[in-house]
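Consider the two complexes below, in which chain A is the common component and chain B and chain C are the respective partners.
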Partner chain A sequence: MTQDAISSLVRRLDTAGQTKGLMKRYYTDLRNSREEGKVMAWSYGPVPFELMRAMDIRFAHLESYGAYLAARQGQAFLKELAHRSGYSPDICSYARLTQGVHMMAQSGDTSEVRPELLIPQPDFLVAVTSCHLMANTYDFQQRQLQKPGFCIDVPFMNKWADFEEAVAHVKRQLIDFIGFLEEIKGHSFDYDRLKELMAKVKEAAMLRAYCIKMSQTHPAPMTIFDHFICLGPMHVWRGTNESVEFFKQLKAEVEYRVENKIGAIPDEKYRLYWDNLPIWFKVGRLSDKLGSLGANLIAGVYTHTYFYSHEPEKIDLDDPVGSIARELCWITWAFSNVEARTERIQKLCEDFQIDGLVMHSSRTCQPMDIGQKDMVDAIEKRLGIPGVVIDGDPTDPSYYSDAQTETRLEAFIELLASRRR
Partner chain B sequence: MGNLRVAGVDVGSVSTDAVILNENKEILSSSVVYSGANSQKAAAEAFRQALAQAGLERSEIAYVISTGYGRKRVDFANESVTEISCHAMGTHFLFPETRTLIDVGGQDSKVIHLDERGRVTSFAMNDKCAAGTGRFLEVMARALEVELEQMGDLFFQAEKELSVSSMCTVFAESEVISLISQGNSQADIVAGIHMSIARRVIGLLGKKGLVERLAFSGGVAKNRGALGAFEALLKTKIMVAEEPQIVGALGAALIALETCEKQLAKTGTIATSPA
Partner chain C sequence: MEQVLSKLRGIADQPYEYLRQWKQENGRKIIGCMPMYVPEELIHAAGMLPVVLQKTDEEIEQGPSNVQSYFCGIVRCIGEMIQEHKLDWMDGIVSPDTCLAIRGLSNIARMHKREGEYHFDLVLPLSIKNKAAEPYLRAQLAKFKATLEDHFGVKIENEALRRSIGVFNENRALLRQIYALRRDNPALISAADLSSVVLASMVMPKEEHSVLARELIGGLQKKQASAGDAVKIVLSGSLCEFPTREILDLIEEAGCTVVGDDLYTGGRYINADLATDGDPMAAIVHRHLNMVIPCPTRFDQGRDLGSYLIDLVKANRAEGVIFLIVKFCQPHDMHHPFASDKLDDAGIPSMVIETEYEMPSVGQVKTRVQAFLEMLRRNTQ
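Moving on to the complex of A and B:
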């Protein structure tokens, strides 16, 4: 089958195409922050955007920005700047791109980048420790920029019994962060505005959760790659009317597909689980490749556990700060505790009738990789579902090979096919 | 069924191999050529040699399956199947008691677990680090100024095992040169090199570990020293085909035969494109 034929197999969602316009607007707003007299922050990790949006503060999510820039202008110059500042090539590729962005700004030479893609220097910086690498990057950059900074600590939880204590610890810090924002802006925090925002977060999250749940049908109307593409509206856009409208449209499109039994791929033979972040620069190609083999990647821990995917109906609008704290703790719990993650994978396998696991072993995100082989073994013992490990990286193509990855995926599909003989 | 004949072609990084089988699963011919830079040419040449050996024309071959990294560029193949499935099938045919297969080729190494029907139940690969592959041995043979074919014999002449610990083939070469200059014997260094490659591959066994019986295929299986290193570390007797290099092509041919038999049973004809 030719690449063109393969590319036409997967049915792309119309709604997903809207994210391009939304992200373009988001970066335009960032770029115009100064002219429009808006305070602007650089943020690192799963930061509580809701609190900044409630104060009409614009925020750049540096990891996303680094990847965004790399996709449009190439990576080499950003990585080179990061390496020169002491960042090893084995460090998280998001962190290297982010550091490259900062070092470029520090150098005063932005000639490599088209002006419309640049963002202003921040008025302050904020990070969450869920991702240590990004928190370290925040620390370095905050010291260099000598701007106010705030770091929210989300602790590792060894057991579920530690969860509520962690939530209390994070909530206290979020309240301090609100005080920090009040100092920055020079006026008090608008809690009513926060409640309104959280109502929209809740509404959008519930719509999104519904769309996710629809993939429990056969054939599934979405692939996980659609979910990756549709993250923007639940990430930097959450709390807005745009976010709610986006997910209303997505729900309508997905419902139509389900009613008419239109699957994301024409001949769904295998339903697969994806572990870890996406390989952003191969989202389309992998989706097409697996589609050509009759395989749909339906569920994944990243898209189906974070971004308010977990029980959004329980978001307490009378305690928005507490709800944000719960979400931050949930992300760390589900990500860094191997047993919790295995339980999560098991639930996804059961709910979505998964036939096999595809574990993306990210070269430079070792925290996400820890325990992957144990998870595969555990799921195989519990559910009889096999897994394959593929090597990649979220944003660094030098750690990826089409031929090697596609050989492993093809071999895995052959393995699944032989189990049915 | 009459004179049903099929072929498998394995286009690897170092060698390209072809096997022609009849419906009784008898190997009519096999060939091994260097892959070189042009895998399409190598595939055509390997197939041509196998046909000539068997005294057959292309038109007499009902179905061809290609495998190996170059499998998608074999324009005379009816279908391609990964080398994981093909090595498992080939090994199962030769040694039906195999449950764990170690395959070390020119530029990757694999551990494959199979069931009693020769079906792959899991696999792990190293295709990121040359230190666990045939390439490692080539580089070391050059550094030691010995022929690759001599390495196996030298392994068994070692009086002690030296450690060759570098993670990277290039730095391991420097390490070997340093060991030579310290006056160590070729045999002792060769033992160290083989134990190093075996340890790296054994890491792929993972939690499933060694499930008896164990077989060894791929070009590096021709090296008695590599076999010796694996047997010493795993403390077991390992099965190796007389021609380990052609196991992948043999497996591809067996899959081709299975495909033809299924199609003939279903429709009475053989479709030249996969369903």
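Moving on to the complex of A and C:
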């Protein structure tokens, strides 16, 4: 993922460094899928990779790929390509990078990108509507490429009572999607293989959940930025031995830190919550800035909700498709329902003894932003924990200012200090 | 006829003023529908007035809002009204989960709702050709109906629903008749007036609107007018909100005349009738899953907006298309390039006007429209 210079103040995790090699391997495999005779998909949103892995289908996750390319070759050319295709700068920055990838392939001019970073055109496309904007990107590209497509619709849930109905609806679509995959591959789906895969997903997710929980100790052994960087193995690598091994190592390293009271930052005074996606291009600088103020970002709704982080022990190996449907619905529930998200934040604040909320208001990510003011008000009222809103964007630096953000963070830490006095 | 138009214009300009007064006089319940696809017929059949919530500058103080400034006008406006309790006189709100901004807005409405107020998220399928979409939508509509019945202590019989569908179909048919008159002689009614007439139908009881629409049709049929050499264009877009009279007027003042549109306060709102025989709930399901005008908020629709617009341009013998895109409407932003490329391929020129909550320099927009029209004129020479 895109990130800036590695922080000097925060103690890096050795295990986290391995994600780089894993991601490189993942993209090499994708690049070689044609030569190796593999079917390949382009995918958008939190797609059920497990189902494709069980069919031995390789999958590019287009928004991650856009961000990956941007980190290595700069993002300007991708955004320019998106802009030339008619995408305005108000559009989700991930979607613009994703559109840039597509437009580059359409133009046939890939001279901006080192050949080893390129991936082939897809045999089919698949999206999930958890984020409508990624589904919009899918819709555009599918129509332009004229390749088979499948869009899994995850409905909004107004109240918890709607949850099971949504799961049934998504499960039904996943079964239809399996039928779609069978048609593409020309053979039937191997449910035993899926079961084996899900067992690995479960094992890795439980290891990861354990690592997350370790930060309930003082000082916390990990920062939220470590969690962001360690997402890859739970994302495109989930369901593999590599993923399980990665989290075993991470667990050992985190346990060592806890036993020896080694915090992620040298002098932890304030424990903060991070809302929304990371500001990828400022991960290092922000963690340094906060570290220098004695503050560590411990928990976040994105890292602590997505990627099977919620009750992984409940993954049902006898109903793997149902468990995938449940995860997809949980994501939408915990993100899109402002009350559910507020409750989730409250729970994280209590579990991790949080002192303050840092709300990243990400300029082009409307779905994650709307209602943030109401969430801050609710948490302040319920727990007396204050919050600060900082303006940024996951990948577009033009919506970010170092000076403004850092001044706000300093003032916020000052506020936390004064409350303690 | 001028009197009728002026009345409808007044309602379109100040919908909330009209509604508060209407409620005072009639004492009936009003349900606010967030745009765009709430099946209002069901609310009508429950004996209440369904109203499509509108963007307004009637009483907004523009203070610090719970909705960030990079959201579209309608979402910011309704968000502010909810926060300031300016909609408390309504009896409930229904949100059809149109896009993620509307979804967020619905969340805010639910968190701020008063005791006893009705609130429902009618989750309409996004991927409308999925096999699972049909049974799911059926179940959602049944739930919507049941919550209306429970909350307001009414029973919505199929017979009543069919009657309501009849009332709505009739109103839509009358509006389409005005569209047909405009197509044949665009000088009969301005784009701003026609869009205001549609907007008024979103606000007032359809029965009353139909009476006025009939009068209007009578007047238009007798009217003598000529558009001269104005360039014929089609307007597309302005999802969820009225583009404002200023914008529509300036487009026509620049030297063109609008012969067709798919605006939300226009063609999109009035295009699809429901069958009056058979199961009325099935008819509502069918309408949503077979949208006549492709929508940027849906996926895998089969048909695309570009092809629809090509047909609309041909049917109305227009020269070009002007897209009205609401600033910060991401679904439309992302859908639009494909549609405009399609038009390009068919040799139909198009341009985009971005419409903002607080409208910037109107002069600049006018200059751009004039430049576009010059290009269209050169094309036809």
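We adopt the following convention: the second predicted complex is superposed on the first by the 414 of 421 C-alpha atoms of A that agree within 3 Å, B and C clash if a C-alpha of one lies under 4 Å from a C-alpha of the other, contacts with A are read in each partner's own complex, and residues count from 1 in each chain.
Please note the rule applied: a contact is a pair of C-beta atoms (placed from the backbone, for glycine too) under 8 Å apart; a residue touches a chain by one contact, two chains touch by 3 or more.
From a predicted model like this one, the values you see are computed outputs, not experimental measurements.
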First (chain B), second (chain C), both or neither touched by A:Asn136: second
Which partner, chain B or chain C, touches more chain A residues: C
Touching partner for A:Ser93 - first (chain B), second (chain C), both, neither: neither
Touched partner set for A:Pro155, first chain B, second chain C, both or neither: second
First, second, both or neither for A:Asp374, with chain B first and chain C second: both
Which of chain B and chain C A:Ala411 touches, first, second, both or neither: first
Contacts of A:Gln366 with chain B and chain C, given as first, second, both or neither: second
Which of chain B and chain C A:Ser64 touches, first, second, both or neither: neither
Common interface residues of chain A - those touching chain B in one complex and chain C in the other: 373-374
Chain A residues within the chain C interface of the complex: 85-88, 90-92, 95, 127, 129, 131-133, 135-140, 142-144, 149, 151-153, 155-158, 165, 169, 172-173, 176, 336-339, 361, 363-364, 366-367, 369-374, 378
Chain A partner contacts - residues on chain B that touch it in the complex: 69, 81-85, 108, 119-125, 127-128, 206-208
Of chain C, residues touching chain A in the complex: 65-68, 70-71, 75, 97, 99-101, 103-105, 107-108, 110-111, 120-121, 123, 125-127, 130-133, 136, 139, 296-297, 299-300, 304, 327-328, 330-331, 333-338, 340-341, 354
Contact footprint of chain B on chain A as seen in their complex: 373-374, 377, 380, 386-389, 391, 401, 403-404, 407-408, 410-411, 414-415, 418-419, 421
